[in-house]
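Here you go, one structure.
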Amino acid sequence: MNKTKEVEMVLGNLAYAVTMLEDCPEFTSLIPEVRVNLVYALPKAKTPKEVAAVDGRITAVRGLPHAPGMPTFSASDHMARLILEVRKYDAEANAGINFKCDQTVIEVVQEYCSERGLLSGWIDRTREPDEVAVRDGASMPWKIKQLVARYGAIPRLFYEGEGWGKEPLFVALGKDAVEVTTMAIEIARRYREKTQR
Amino acid sequence: MNKTKEVEMVLGNLAYAVTMLEDCPEFTSLIPEVRVNLVYALPKAKTPKEVAAVDGRITAVRGLPHAPGMPTFSASDHMARLILEVRKYDAEANAGINFKCDQTVIEVVQEYCSERGLLSGWIDRTREPDEVAVRDGASMPWKIKQLVARYGAIPRLFYEGEGWGKEPLFVALGKDAVEVTTMAIEIARRYREKTQR
Amino acid sequence: MNKTKEVEMVLGNLAYAVTMLEDCPEFTSLIPEVRVNLVYALPKAKTPKEVAAVDGRITAVRGLPHAPGMPTFSASDHMARLILEVRKYDAEANAGINFKCDQTVIEVVQEYCSERGLLSGWIDRTREPDEVAVRDGASMPWKIKQLVARYGAIPRLFYEGEGWGKEPLFVALGKDAVEVTTMAIEIARRYREKTQR
Amino acid sequence: MNKTKEVEMVLGNLAYAVTMLEDCPEFTSLIPEVRVNLVYALPKAKTPKEVAAVDGRITAVRGLPHAPGMPTFSASDHMARLILEVRKYDAEANAGINFKCDQTVIEVVQEYCSERGLLSGWIDRTREPDEVAVRDGASMPWKIKQLVARYGAIPRLFYEGEGWGKEPLFVALGKDAVEVTTMAIEIARRYREKTQR
């Protein structure tokens, strides 16, 4: 497949995933302080410029998830670097979405993963060595390596525990934006149900 | 190519075209009263449900073109039916965009088309027979037939002259949303230059 | 009251009215091809620069009314001139909103007005003299004058019948944006009920 | 002044401030991970329901500041509680805006404040006692009290240093949203100049 077709399929998959989120009121409860990044990397992406994301991130307006801009390349930095690092270990993990992490979300994700036989995990940021934390760009490789070391593979759903200056966040990984969005929506519905009881 | 891939390529091509328009301040001058529809039909589309368009149309905010929603299917009716009708005569015309029509735009389009050897044309709505105008869904086939009869083929750029209750509008046709957007942007830049002299 | 306070009250009243519309799914059915203008003039406004409107107009995204931009001054031309002309006859009519006009909307508005003892009316664009139609800026004074001549006062709700190049449109007038929006929402709910039977 | 007028003035002042930000490309560089909250409290506000904020926060789209929603009440929690707490010590501080905090922003703010004779400060989150951090709603009073204790008054500009799970953030305080936005824009312009040298 040529480059233009790949670009279009990545953007189109993201656009479709965005409408799925916008049609899911329950997802509003999972929007974290930093808002939601939804990213999808081109097959041979090496830099964040080759990773597409929702411009302006996904926020909540009138209580509903809302994307203020189009899916576009270079629109994400942190999540783009995460997906590029992840793909070094798991060639199928092209897309990711982040969402809120609290004790209830952790429980919901664990149930969801055990039902489906999916691997879940977490990154303990307190273990990050000082020399890693201060060196530019060193954190991401360390974090992903820690995951692989602990779980033997990249978990499909994992959270980064809170860090110094960092909100705790969940990440779902998958082959494309629609797949990770489908997971996030299912988790959002279970979370809403659990918190409304 | 399977259906999902086709859907993604259509949505992604539209998303990319939208960012081209949003990065073009000159295009604001071509936004008509009814706002801009940008549509792209699936290869075998038979109904407006299989034609994707920018949800909410493209409008102007803070003086810049702005898409309030995502490219999505079923988001257009009139332009979707137009492209479906056009494709009966021209299998390559999958996408269309409409924009403002005034005397200066007409001149700019004629220059643009004669430079490139493209066919341009217009639909004379005053010739529309009464029995066509009143019958639901009869106008569109009549209009496209009139174009073919007069020009021997579907022009790449044509306008519908004003009608009873209808704003005059230009339409650009092409193989995909990026192609028609590229034409519209070139015309917008020439129009801005001409009107600012 | 000083000018800054007046400006803020006009913008704030518009912002509140927008959230009312965005919370009313039924209003989507009343959005016309040209999208919805919601305007509110400063007490002593003489030009469209002193009339505030929703930037980008109100459109529909994911089936819900959506304002792509903020209320701001100079954002409307046609509806701004309408409200300035109207106020020459009715000092209390500071704000206006336009919406779709079809046979069912006409019936709904007539019922609504007769229940409340409000004056409704229409402008017959076919009566517009040629010399008025061609002279820049002459149409609006003629139209409002025609209303006053026929009804003895400016109706609170009236429609402009379709014209050459013009979509038929309803207009609601009132003392502020919240008042006209309240009327439009009530009409939208009745319209939805009537068309869903 | 009655309640409706107060509500409108607060919303309108916010709407105007938003357009100021949207017209300032330099401000994009000051948007933090958590996006920008711009809040303005009603004169007698006691709860976040009586504090207006930009729904969806202010994010960046196509490189420009963008508000995805209207100013509305109940749209903020953290910044709303901050302004309510601040006002217990400074009756004139009705509005606030937060923005990115890094070493360069700190320098820019210090220069800005010393030129204007404004008080600036910071909250040292590492001093927060454990029993405060864990008790719901106890952090905010503690933080504002710490500011007053250290500086003798509420500084017009201060930052909260990074904390456990918390991004460091600057806050500007003022009598209304336009005043704090004017400060933030001036700081953004100086920051851009400094970082582009």
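Order as written gives the chain letters A, B, C and D; numbering starts at 1 within each chain.
The working rule: a residue touches a chain if its C-beta (ideal position, glycine included) is under 8 Å from a C-beta of that chain, and two chains touch if they have at least 3 such contacts.
Note that the structure is predicted; figures quoted are calculated from it, not measured.
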| item | value |
| --- | --- |
| A-C against A-B, pair bridged by the larger set of C-beta contacts | A-B |
| Recurring contact interface, reference A-D, options B-C, B-D or C-D [over half identical by residue number] | B-C |
| Mean-CA-position distance for chain B and chain A (Å) | 37 |
| Separation of chain B from chain C, taking each centre as the mean of its C-alpha atoms, in whole Å | 28 |
| Distance from the mean Cα position of chain C to that of chain A, given in whole angstrom | 45 |
| Chain D: positions in contact with at least two other chains | 19, 22, 55, 62 |
| Complex contacts: residues of chain C adjacent to chain A | 19, 22-23, 62, 64 |
| Complex contacts: residues of chain A adjacent to chain D | 33-35, 55-57, 59-62, 66, 68-69, 162-168 |
| Chain A residues touching chain B - in the complex, by the definition given at the top | 5, 7-16, 18-19, 22, 55, 67, 70-72 |
